[in-house]
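These are the structures, in structure tokens.
In the two complexes that follow, chain A is the common piece, with chain B as its partner first and chain C second.
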Partner chain A sequence: MENESKSLWAHAWDSLKKDKTAVFSMTIIGIYVLLAILTVTGVIASDWSKEVGASYLPPSLENPFGTDIFGRSVLLKTLKGVEMAIAIGCVTAIISTVIGVLFGLTAGYFGGKVDEVIVWFYTSQASIPGIMLLFAIMFVLGKGTSTLFIALGITSWIPLCRLVRGEVMRHKEREYVQAAAALGAGNRRRMLKHILPNIFHIVIIQFSLRFQMAIKSEVILSYLGLGVQGAPSWGTMIDDSKLELSRGVWWQLGAATFAMFFLVLALNLLGDALRDALDPKLKGKA
Partner chain B sequence: MNLWSYVIRRLLYTIPIILGVCLIIFAIFNLSGYDPAQTLLGKHATAKQIMEVRKELGLEKPLVQQYFDIVKSAFTLDFGRSWATKQNILDMIKEGAVPSLTVTIPAFLISTITAILISILVAFNRGKFIDKYLVVKFVGMMSIPSLAYILFFQWFFAYKLGWFEISGYEHGFPDFIPYTILPVIIMVVLSIGPDVRYFRTVILDDIYQDYVRTARAKGLSETVVLLKHVLKNSLIPIITYVVIQIPFLILGALLIESFFSIPGLGGITVKAVFDNDFPVIKAMTVLFAISYIVFTLITDILYTVVDPRVRLK
Partner chain C sequence: MKMRKISICALLSGLMLFTSCTKKVDTSEKVLNLAVTAEVKGMDPIYANDKYSSNEIARIYEGLLEYHYLKRPYTLVPNLAESLPVVSADGLTYTFKIRKGVKFQDDAAFDGGKGRELVAEDFVYSIKRLADPKLQGLGWWLLEGKIKGLNEWREKNSEKDVVDYSEVIEGLKATDSHTLVFKLNKPFPQFLYSLAMPFTFVVSKEVVTKYGDNFLNHPVGTGPFMLKGGEFKQTSKRLTYVKNPTFRKKAFPVEASEEFKPMLSDAGKDLPLLDKVVVNIIRESQPRMLQFKKGKVDYNSVDKDNFDSMIVAGKSLSKELLDKGINLEVSPSLDVTYTAYNHDMKLFQNTNLRRALALAYDVEEMNKLFNNGTALPAQSVIPPGIAGYMKNYKSPYRSKNLRLAKELLAKAGYKDGKGLPEITYDCPSASTSRQIGELIKKQLAEIGVNIKVQQNTWPELQKKITKRQVMLYGIAWGADYPDAENFLQLLYGPNKAPGANGSGYDNPEFNTLFKKAAVMQDSPERTALYEKLNRIAAEEVPWIYGVHRQGYTLKHSWLKNYMSTDFEAGQAQYINIDLNKKKEMLNKL
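The block that comes next holds the complex of A and B.
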């Protein structure tokens, strides 16, 4: 069967494979994920907290990114930071995706009063600038890595919810949903088995966006002393460097920014490539 | 429907939103189990002291009363006093607004105008090398965290090269200028990437519309099509995007102000987070939200004046 028609996903995968930028960014993200797995399992960078030399040694062959105030290797800290960045990106994106999809599906599908309440709620929340809401929640819940995940997650679900709601409203009257209803599918089945797969491209695109925004937000929170505690993160490393730069110590800022740059860039480019591959509206356009 | 009934309906719609915002703020600050009295007094406070402070802060009132206190503060802008400085918060806000604006207005004007010009250039050359190059360049710029820009620019241009003041502020024109140049440059660098990306999408969205095809079919040149037809239509989403940034101008740039010791609202907010200054954080959250709602309202009304189709919906 050569002429078998391909699904949206197969099409998307084909065009992603042809897109050099997409392949490049997926490779970069793959490398970061691999590094995160290696540090979690302790294969590399497990002794990041060990003193390897004097305080603030400049980069050398032995310590490619120099050392920090406690004489720890900045390279190992940066590597250990990959783990935290991937964790922050992943957990936050999952939290915000689950909330966004749940509310978006419910509002779009049921409409009426339910829709009004959900729209009212997210319009209200969206009126509070995200960064202030983040401060407020972190302030009230206290410092800590799990608080960080929760705060970043519950402040970033609204764009996805809006998009999902809009798409579900367009889809729920379509023939395939009516057919499912005629076959006796209940509301939940129609929502999750029939509509959700058809709008899932939005979820994926938004996921990559949330992922990189969470990593960037962690830096701002670190500056306010609300960031990751007890483990190295790129945010705390960049924040530390505010006292180091005047002494000419640039390597901690350099290493963390460098590491973050490639991951966030890859996620940004992948997000764009995914949109081109998955959004049928844009197909064939420059 | 005429314009006035739309405006009135739109105005009424802000009431549930303001109540909703206050409800969220109330839930965060008053219902989450967080006790500001504990923060204020520290770990070694006696039960009696805590009781007294709670009474003073109005935390012993019924919850409904506490909620309406927040709603009231949204309208009267009376937020009480700061814990850290004992100043009236409304006075702090009034003092902080001007320094914020001296940084944000120039930055906003420069970045918006530059971004629109670049987007037009990019739209002219869509798909060509310069378009791809600039898009990748701006995505790259957006991939560097804002704090890294601030740190690097301050260290390199102010500290190392000595071109600008490292930090500080002086009130009054033109005394503030030497202190605000570098913060303005950083803000422009930070906002130009997202701006160009958004404007480019808006302009490109319009380029594929039927009316553009008609204009081309009539034999109009690409320049006329882009500048007369496309740009006119793209202006509406661009204006919305720009107007909605205005409340953020008054509120300033959080990190930049804090870093360069500019006594604006952004700096005040960051300092409040450092100091655990509960009333100020709460006040700023209410203030940010209310100004956002007001400017969304203004944008929506402007929208209907400019584009009558909106009213028909």
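The block that comes next holds the complex of A and C.
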């Protein structure tokens, strides 16, 4: 206790900065995000669909990851795929977080009938196998990238909702919430201004985990032919390569897996680091 | 105690794993080991609308006619019929004599469990079943409107609670126990082909009645093989057939076309030549090829990604495979791949636009990438090998010609693609289908046409086509029977979806000519008409034509009498296995 006291977030930031893995993973994620921004704005990889040589050229200096069936550069496709991966991760994680937090907060805070209805709703949804639900949503909404976002988002909010609900239930009886009530704070104020910030570390951790799960799900869906249409994604690249492997074309699989591996690993590590930094229960133990 | 039990279990399961890995290929009896790529839907002939199910059904069931195993072009010969039918002068009445002494396979449904003799009435029953409005047989299109009184019977019964099979239909009569008479509404020379298709194969009323809904999984026919255990399980990945002990005397053919003469060494032998047929359902191409290489599958087709590693210079096998005694078979298949326009849309009624897109499409590149350059670019709808195909004909809208494509696009009113909406290309969900879509997208972009590729599951795509919710879609057609009519009907206006004409092309001139040709008996005049139709189909560009594919099949040295054919149904009975050779060659694999 030297000078003024720090907020939870400032504390967390401090410990994150000291954690080498966290810095490392944040740097990697930063690079990926930067790449995504660059491809969206067309600075790099805008000519990914251009032929650069014959089909299935092995990796060389000119084409570091070789070429695909149409003679397109696998490197450019992989870079363009970053955009899709980040978009899918981000949007899906946001959708699922918003739904999860909203429902979890409401259920946990109000309890009673409201809680019962929400719990009933998510338990019924959880009892449907995830992949079936994904298929169903894709069939109803039709295919497309936005559908993919929505489908992945609304099939992955339940774990977060459960966590938030439990945590809110513990918090709502605490003194600070009672104090807020005594000072005349309404339900909304108590929920959003007082309880939410105190459980927000869960949301952040879950957000980073959702993010990487969405990226992995996209690969599976593309493999099943339900994924991204018309733009390169790591999933479609891996789907392509299942046929190419037998002729010894490993570079497309290699590039996509490589790119995905680092992003998912970084997100996982960051998730853990965030937990260490944010979870009050773990504070001071490291 | 507990610990020990666990360790024994672990040991046992370890052992089991070990044995399954080193399992030897059985050489004690003649077993044909096959690998097929898709699940079998069931064993009821009236639902056999895909290749995989109909091949399985044809091991157990038989029809009146079949294709001569060793003759090309494909020739119909009697199977359960004693001889080819007597056709009346007006081409309307077909009289069949049924072979005597043919027995159904033994089953509990028959008296005393012994299969009874086949009679003409069984065919009447089986064909009525195909027309049964309650059963919704998938092969009804084959006979629809063809047999006198059958449509009326179907209509009448669709409102009743129970379909009345006792009513005699004028066009479908058993005049005595072994005589069957068909009367047609109008001359339809292709009628005989339908009697060689699994849809019309003969079933017995006793079995259908006994098993009811489960008849789908309980096949009992007259054929050379029967399902081991008698029950078909939808989930099983392996089907085992054994020789039917009561199969009639049927001999291996004694005549053959030139290319199949070497197979005559089995001439006159009793069929089937095998003791067992084992069908493995393996969906992915890699495990299929690995099983083949280990000798666990007797023949296997070569897919595009195995092609380069196995086949040298597009025609001969690599030395490694030759040393193992593996042979390569190349055979053209009666099919055509195409990208269809939806002609219901005003956009695609514009002939210049259709031609422009076709000219921007580079079939050579697609052939190189997806068929290893082995397929034949299609000039029009009829594949080589059947009358109506024109060997030296080159369509003016076939080969890639960007200059002309751009010119026509401008003429169509869409200079450089301006004013054209984004065109959706629908395809099945397989990776290769998507890649083909991407290629089309890439090629059409060169003249400024914007394509969006959309993958669909197979039923979804079918539904979209039937409901006319497509713009462009990629698909293929394989022959049901070796007659150009089967291909030309895909463009016949009145056949519009839900009929086979999924593109909805409707050209009065084409329709009139087709209507005329379709009822003619095989003759030079008919061939001339077919050629004329084929030419219209090329020049009007109702579709962007793809290729006629060629099948590349690898077979092991011990497999005898195998050839790849478009009409595989019933093939297994003619195949033989050289067991000595197999023992010898297995060591080399």
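Simple rule for what comes next: the second predicted complex is superposed on the first by the 280 of 286 C-alpha atoms of A that agree within 3 Å, B and C clash if a C-alpha of one lies under 4 Å from a C-alpha of the other, contacts with A are read in each partner's own complex, and residues count from 1 in each chain.
FYI, contacts are C-beta pairs under 8 Å (C-beta built on N, C-alpha and C of every residue); 3 or more make two chains touch, one makes a residue touch a chain.
Remember, predicted model here, so these are calculated numbers, not experimental data.
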{"item": "Joint occupancy of chain A by chain B and chain C, clash or fit", "value": "clash"}
{"item": "Touching partner for A:Asn268 - first (chain B), second (chain C), both, neither", "value": "first"}
{"item": "Which of chain B and chain C A:Val219 touches, first, second, both or neither", "value": "first"}
{"item": "Partner chain(s) touched by A:Asp239 [first = chain B, second = chain C, both, neither]", "value": "both"}
{"item": "Touched partner set for A:Ser46, first chain B, second chain C, both or neither", "value": "neither"}
{"item": "Partner chain in contact with A:Thr257 - chain B first, chain C second, else both or neither", "value": "first"}
{"item": "Touching partner for A:Thr147 - first (chain B), second (chain C), both, neither", "value": "neither"}
{"item": "Which superposed partner A:Ser127 touches (first chain B, second chain C, both, neither)", "value": "first"}
{"item": "Chain A residues touched - chain C or chain B, whichever exceeds", "value": "B"}
{"item": "Touching partner for A:Phe139 - first (chain B), second (chain C), both, neither", "value": "both"}
{"item": "Which superposed partner A:Gly230 touches (first chain B, second chain C, both, neither)", "value": "second"}
{"item": "Chain C-contacting residues of chain A that also contact chain B", "value": "139, 224-226, 239, 242, 245-246"}
{"item": "Residues of chain A touching chain C in the complex", "value": "49, 55, 69-70, 139, 143, 224-226, 229-230, 236, 239-240, 242-248"}
{"item": "Of chain B, residues touching chain A in the complex", "value": "16-17, 19-21, 23-25, 28-29, 32, 34, 126-127, 136, 139-140, 142-148, 151-152, 154-155, 159, 204, 208, 248, 251, 254-255, 269-270, 273-274, 276, 278, 281-282, 284-285, 288-289, 292-293, 296"}
{"item": "Chain C to chain A touching residues, read off their complex", "value": "285-286, 289, 303-309, 369, 428-432, 434-435, 438-439, 441-442, 452-457, 460"}
{"item": "Chain A to chain B touching residues, read off their complex", "value": "120-121, 123-125, 127-129, 131-133, 135-137, 139-141, 212, 216, 219-220, 222-226, 235, 238-239, 241-242, 245-246, 250, 253, 256-257, 260-262, 264-265, 268-269, 272, 285-286"}
